[in-house]
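Data first, discussion second: the structure below is written as structure tokens.
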């Protein structure tokens, strides 16, 4: 591992200790993969609901011989909070409230990859998620962890609500338009497509290979929980209320999200001007790549990049923004590491500084 | 084969003779597959540009031992027109003009699966396809072969312009709304997703398995040639000019198109009322299935069905229509057979009356 | 449907009534698909362990609007035996003993797609399957339903043990060599590869798309339960005891089995002579296709064919036989229909007389 | 990139300069991917036959913004030999002879990923490859680059013939048995399965997604060019002539090789003893992992590992060895880097020290 190589060379390196709660899900495992290569991080423990007591490398055979930790049960995490500087939580919604409170009380910082602290308004949470919000007192402190949007706040934060995968791809594509008031705020439609890993590792019929390898479907049309999350952040950026239509799809690939966004332009503008405007907005952002070519998820698979292209449909006066991310990296674990790097003052790209392995 | 079984039983059956031009492409081959099972059709010849002189079952090994015809060169078709009642043309655009004229002159009816006779306006054809329209004199006679829309005209037609795959899925989903003036005619956005067979059987890097099996992309954004075709027919149905945004995608599956259509509702209406309205519109249509559940391409793969579901996004006042077809069947060869059945007075569902083989 | 078409024409047709036990698994569903198109069969009931009381077309959406039967619970089948002429059983091993006895007692013929009546020797069953054989008294009556091997016995049989998918592909490839004593009986190695549908529709982690779409593995090495089944039938054909090595694999595709078989030749022979010998052996067999080209599962996908090619490795004195079938058709439901056709005196290819839909 | 990070910290690092010939094929590109992360390597140039003059990041979009080199034409390489310490060649067979001679003459070391220097016997090369061997004078100097077998020779070598993908997987699995004379040397059968990237990036019909995504086939049965390569090295290890049967397959996945090897044991031995023997043989080898569980290609995808499991089939007296590698990494570019590391005295695992990204 890179970490050890560097240490061997006698370079003095700051190291922080972290734990991962929910390490055996796809996002948790991706997080572990990234953190193992992080020169400034020690993984103190990994915890799992379903695999407590099991050798991690028996669950994910790629770790065989290279990673020997045994999963502790989720319930043991509270006793291990004293050992760590930061806790990553990768659990289903509703499961992060209690342990987050405990962690903060112990002075442990938290990056929550789930949805529990993303919505500012607890009523909205309860309406869309159908669960009681048991973390109200921490909502105001939680920083929405879309790195490129909230970098400075994240640095100082004790609690980062890591964005959802669809919101990450969609907001990064929308921000330059919203900031400049270039589109009608009520005209936005997001048609997003996700690989199957977004549905998680639970054993359900609908994600069996035979059920989803030769098909595409839209799902949760008009009701997907990422809708209020996107609207909340879009509204802040636009400085007016944004209500939009969001349609997610399940695509027969393992990884990747492609988000295609439609909006009515308020004034005439051409492709090139828009692209320059995007390049300016994201100038200096390593992980945002503005392309002339239309993005494809293969070019970001496994990496932390968000590729964006923007086109004007002159015939109809609409703009079409296409963005691509890896749902498990920039859409989850990669952005979580990016945020942790900010929180600890590490170089922001540490351990996520590689491009997609292709094919 | 079913055809022979029935004949053996001594039932008297009307038989028509057909030829297929472009039989070795994916659409041509699908057409051959269907016609082999048609009790009223004799396949007189199959022609191929790239495989003239070759045994068809060497190209498509599933036919081994069951189909012994050799492909004739495309150029030989004109001499064989006297042998057939109807010619199917499955060629790239620009290639159908001359042979169609010859066929019509010889009293042979034509179903063209390509684009050459779909657009009423030859200037639009030349603008979007970048080719001279050499078939102007036949444009007014050509009937747009969306079966459910133009059934009666198709019966009498000598020349049917079989619709594109995207337009088939999109128009069938839009027609009930357009007919009733339920949506703003300038608000329509079509976000459509196609399997790789839609890109054809040509050997190009971008459809190699390694290049497209783990990725999704949008392509031809704002410029796809099916746009004017959809607009033309939508405008006729709506009785006003429809300009819309159309975005196609390439999805890592072999077959299928999912079309997701957004429009602004002119008045409030709920899901159930809309669904009933769709059911009424398509009452009696065997191949249109209105579903509460969202369509998935797997349920129509290999079949001639178009599954449609319609949802209202109350929060934004939009309607979202989702439709699924098999691009090679209802989107090409199946609809061509359906049209031929009408033209010859056969039962409309003959030889296309089966559901998807799954998984 | 073809069935109704024919009836409408007033042809007099013999019709038999059947039931399907285990209709919602992949094999059961494939069987239903085939039987719906069978002109001489009425499906009286379909039964399901997990989906009793549910509309079949809600489970498999391709049937929507075309098939309206509700699954009865498996436990209700015994009361419906009086309504049928034949019962198809598609259940896990150990579940067919009791209902088979009941069916036979009622004069209902049985085709069991499971393993319970395949092994002649109940001790072998108990050793390899780890279950008590509760059907001993019916073992001697059961006919091993490899159609091409046992056609005459099947015609008269009350109880057909439909072969396993791997044994079907492997035995059809081996029979010509074994019959003629061309290979050393102790030299046989079968390296077989199956699509994921062979693992069934149960919700288990290992058949999730993300877990098996980009990987291949061997499994059950030296211990797979199809080993004694292949050995039993191979030994009968060879007229000496055959012990062989069988290695199955899971391949990232939905359907298909490719079986590659190695054996030491007893004497020199060349490719062409061997191929002719195979052609002679299977002369007149519609569903066995001897090819010069190496078989590929795509050419038999969805069809009832078994494609076979045979090659001599002169350098080592070995023969290599490659066979391809669709595991759900020739390897399960298709062969079951083929056997039923024999049992009822229907034309053998009825309802299975179509080639693979490609791609 | 890691390289720059380390340099910034002021650590003194030895750096070598390399060029890649054939950089736009799948193996060449994988090599570039790995070398970019290598702290001791500068990529001086990349050359391409088909893409000379093009920006590499236009061909492989994952490099966009991160790698700005333009491909030089292959023909320009000879003029750039003075700039480099080592040349990687990733060209079709027959293309490496001349440039290798030029490089050696200029004092540039060579790692050839192709087949031109793998066979010791030029007649065998000409027989199996159907080309004249124009590199005879360098054959004796070339070291067969199976790292674990020839580590010490590789260190000193000027010319390394990097092994083929199938031979790498097969030989690593066979060596412990052959060294100890545990199997009959004439009993070996290798049944190997490869992902589609092994077929290269050329635009040919048979590797189109639609043609190979739902199928498996054996190919080049008895005639594959990797046969003499495996036999040559196996014979050296066994110290007797080994003739074997090798059957490759094309599997619908992008990456990975699974090699399943059968051999007759000379004496009784059980699974555990054999596994221990393998563990001992490969003790200290980072990239060889002996597993109880059967290997799956997903656990090595993208990594440089070779996972091996060994099972005894007591009933037949055979041993079955299963090995898995990534064809583009351990089977090509990864092993090339491993060899380069040895040649330059770098730590052997540098830049290839990471595990598979999953899923």
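Letters A, B, C and D name the chains as they come in the text, with residue numbers starting at 1 for each one.
The criterion applied here is as follows: contacts are C-beta pairs under 8 Å (C-beta built on N, C-alpha and C of every residue); 3 or more make two chains touch, one makes a residue touch a chain.
In this text, all values refer to a predicted model and were calculated from it rather than measured experimentally.
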{"item": "Longest centre-to-centre distance from chain C, chain (CA-based)", "value": "A"}
{"item": "Result of counting contacting C-beta pairs for A-B and B-D, higher pair", "value": "A-B"}
{"item": "Inter-centroid spacing, chain C versus chain B (mean Cα positions, whole Å)", "value": "36"}
{"item": "Inter-chain centre distance, chain B versus chain D - centres from mean C-alpha coordinates, in Å", "value": "46"}
{"item": "Centre distance in Å when chain A and chain B are each reduced to the mean of their C-alpha atoms", "value": "40"}
{"item": "Sequence positions of chain B contacting 2 or more other chains", "value": "26, 197, 210, 213-214, 252, 254-255, 296, 298-299, 301, 359"}
{"item": "Contact set on chain D toward chain A in their complex", "value": "1-2, 5-6, 9, 11, 26, 29-30, 33, 37, 60-67, 197, 214, 254-255, 289, 291, 293, 296, 298-303, 307, 347, 350, 353-359"}
{"item": "Contact set on chain C toward chain A in their complex", "value": "26, 196-197, 201, 203-205, 207-210, 212-214, 252, 254"}
{"item": "In the complex with chain B, residue positions of chain A that touch it", "value": "186, 189, 191, 193, 210-211, 213-219, 221-222, 243-245, 247, 249, 251-256, 258, 260, 262, 294-299, 301, 311-316, 318, 320, 322, 359"}
